[in-house]
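I am attaching a structure below and will ask some questions about it afterwards.
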């Protein structure tokens, strides 16, 4: 009896698409206005999904308050109101595309979640563009 | 050619998280304000998803009006404007966590759906907390 | 140059529609399933709107963090995960209809907001039913 | 490291549920008001999901601008502000149920997407009724 | 103590923008693809807002169930799954723009609402285009 | 017979709250993390509302395509994927709070809208924080 529990969170951040080692011109040619050297930004919405057996004692897969706090500490405190390229260590050399951000988030959360549980993360960059990753 | 058809529904209910056999004090220690003995409540949103072959005659996996009526009879009439702990038989002894509610809903719907079809249920307790179950 | 600033918040609560002094039967006759003596509940969504001059120093009508904290202290801490009829003083004798709840919220917030500012409150009981009040 | 990228789009169209070869009466008996011979219509919302490896050069599974343009050319330009039964070739003889529309959309997009990528399409006929298809 | 109560509803319909007395060519020149002679359609969302004194007996401005039923009878039953131009009497000679539809809805509801109450109607043609009318 | 027509739009931008003439320290003391010198960002959602008489010829208050194009040229092209503080002339010396942004947008649109029409603008900085301005 495996159930998936999902918790939504959000953070607001600036970024630019920028491939380290390429010139600003090449970055602009490939990434267009998303590569503006002065940055733009988003309200990122995040859904973290954990799949596992329901504990017959508590009726929980995992306590949602624990999951909420974990997302706050690991992701919101690290990313919210930040410049992803300049202030988040993982993106100093990694292009902060949605794809790369969702993998970074998954990698940060994975060690904090019970190993028997499956983890999946969905990240909305805008209401029309979103990505998901489940570690496979 | 297997397509998934999804139908949304909703019900408003009171509940408290309460493990039968534990004292109110232990319930409050584990479940916090969600265990308030005087209850709190939610607008629950439900998505029922049925996967199967498209019938070449009708172009339907299953008639959405039939699915809508089934959800009304089995779930909305049983849960809407009710106190889940006190008035819904399944939760007399089962803690009405989101996880347990979604499994109960799945179990109530499964016998009413064509055996060749796969059934999955998603339940939103709030816009930020939701769970899903597909019977595996 | 008067701008309206709006802040959303939410709380989850149990209630029943109940006119003090009427029998349970009369309450059920008038209020239907909303008067279930064992309660039901909602995820209430709240928008608090404050209209005033933009301060040329800060560019704010009022600091949104201050407004957010005010709503938390005055409304969320008082109503969230509560039984409105049994645990919120204002509804001991007042029927917790959406109309009465929105007026109570407005009355609680009005003394905390700058007198030169206009205050309006909108309360969603469900995504389909909502009410608003501006003190007039 | 396979990530799913999702792009939303929409189109507004008229249709009626109509099985070619059946009389209007039989169509009305089976499909009810959805078979009104004078048509009704919807704001269709569409999510196109592409799963594949993240390109280490660009950080993209596929360029979202390319995906957006592809959806516009293949789907929006073909379906938007059209009568599906009368003006879209695929539905001249195929009943435009949500199930059949989502399969048609998938079939139109599949040849335009990198063969190594998985494609899935979700179509909302209304906010309460939606379908999805992944080619299996 | 005047409160506004709001109720949401929806209907799905086909229409075309068409000025009676103009040729199809002139209609297409002025209204573009919205004037397609074979129609297109929308999921229309409707909010009906009624402002008045709160009744001290019931705590209601007006019973939401009564308002819900009124919208069903007057608007949903008349417009849902219909071709507005061909099947709704008011639009036989009146162009069914959003502006004209919202005025027609207001005019149909106004005689059914207590004269002491103010009535306002908002109509969403799409999530991005909407109109409102309050009879002034 | 005055109707309000509303059109939604959006832009993604970076900004920081920064009062020109104050030190970074004072800006941080007053504006907190919103004053991060390396910027953060938002998906801004915009609703532009125009109130006027319905033209009996067209059934329009104003052509929504014209309004859509006007918002694109005046606002989206100027603000989207930009750093508001550094790249938008109006905010070189004006703190880009939501209040100041909504007034700037209103001032840019007002001369382009028929003088007989009323103009109102609502700007969402996040789904929970939004402001509106109608020129009064």
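Per-chain numbering from 1; labels A, B, C, D, E and F assigned in written order.
Heads up, the rule we're going with is that a residue touches a chain if its C-beta (ideal position, glycine included) is under 8 Å from a C-beta of that chain, and two chains touch if they have at least 3 such contacts.
Keep in mind that this is a model prediction, so the values were computed, not measured.
S.K.: List every chain that touches both subunit D and subunit F.
M.R.: Looking at subunit F and subunit D together, the chains touching each of them are A, E.
S.K.: Would you mind checking which chain's C-alpha centre is most distant from the centre of subunit F?
M.R.: Ranked by distance of C-alpha centres from subunit F, the top chain is B.
S.K.: Which chain maximises the distance between its CA centroid and that of subunit D?
M.R.: Centre of mass proxy via C-alpha means gives C as farthest from subunit D.
S.K.: Please tell me the distance, in whole Å, between the geometric centres of subunit B and subunit C computed from their C-alpha atoms.
M.R.: 28
S.K.: Could you put a whole-Å number on the gap between the CA centroids of subunit A and subunit C?
M.R.: 34
S.K.: Taking the mean of the CA coordinates per chain, how far is subunit C from subunit D in Å?
M.R.: Taking the mean C-alpha position of each chain, the two centres sit 42 Å apart.
S.K.: Got the subunit B residues that touch at least 2 other chains?
M.R.: Those would be 127.
S.K.: Would you mind giving me the full set of chain pairs in touch?
M.R.: Once each pair is checked, the touching ones are A-B, A-D, A-F, B-C, B-D, C-E, C-F, D-E, E-F.
S.K.: Spell out the part of subunit A that touches subunit B in their complex, as residue ranges.
M.R.: For this pair, the touching residues of subunit A are 1-9, 54, 57-61, 64-65.
S.K.: Would you pull the subunit E residues touching subunit D in the complex into a rising list?
M.R.: Against subunit D, subunit E makes touches at 10, 12-15, 33-34, 36, 38-43, 80-83, 86-87, 126-127.
S.K.: Provide the residue numbers of subunit D that touch subunit B in the complex, in ascending order.
M.R.: Listed in rising order, the residues are 17, 19, 30, 32, 94-100, 102-103, 127-133, 136.
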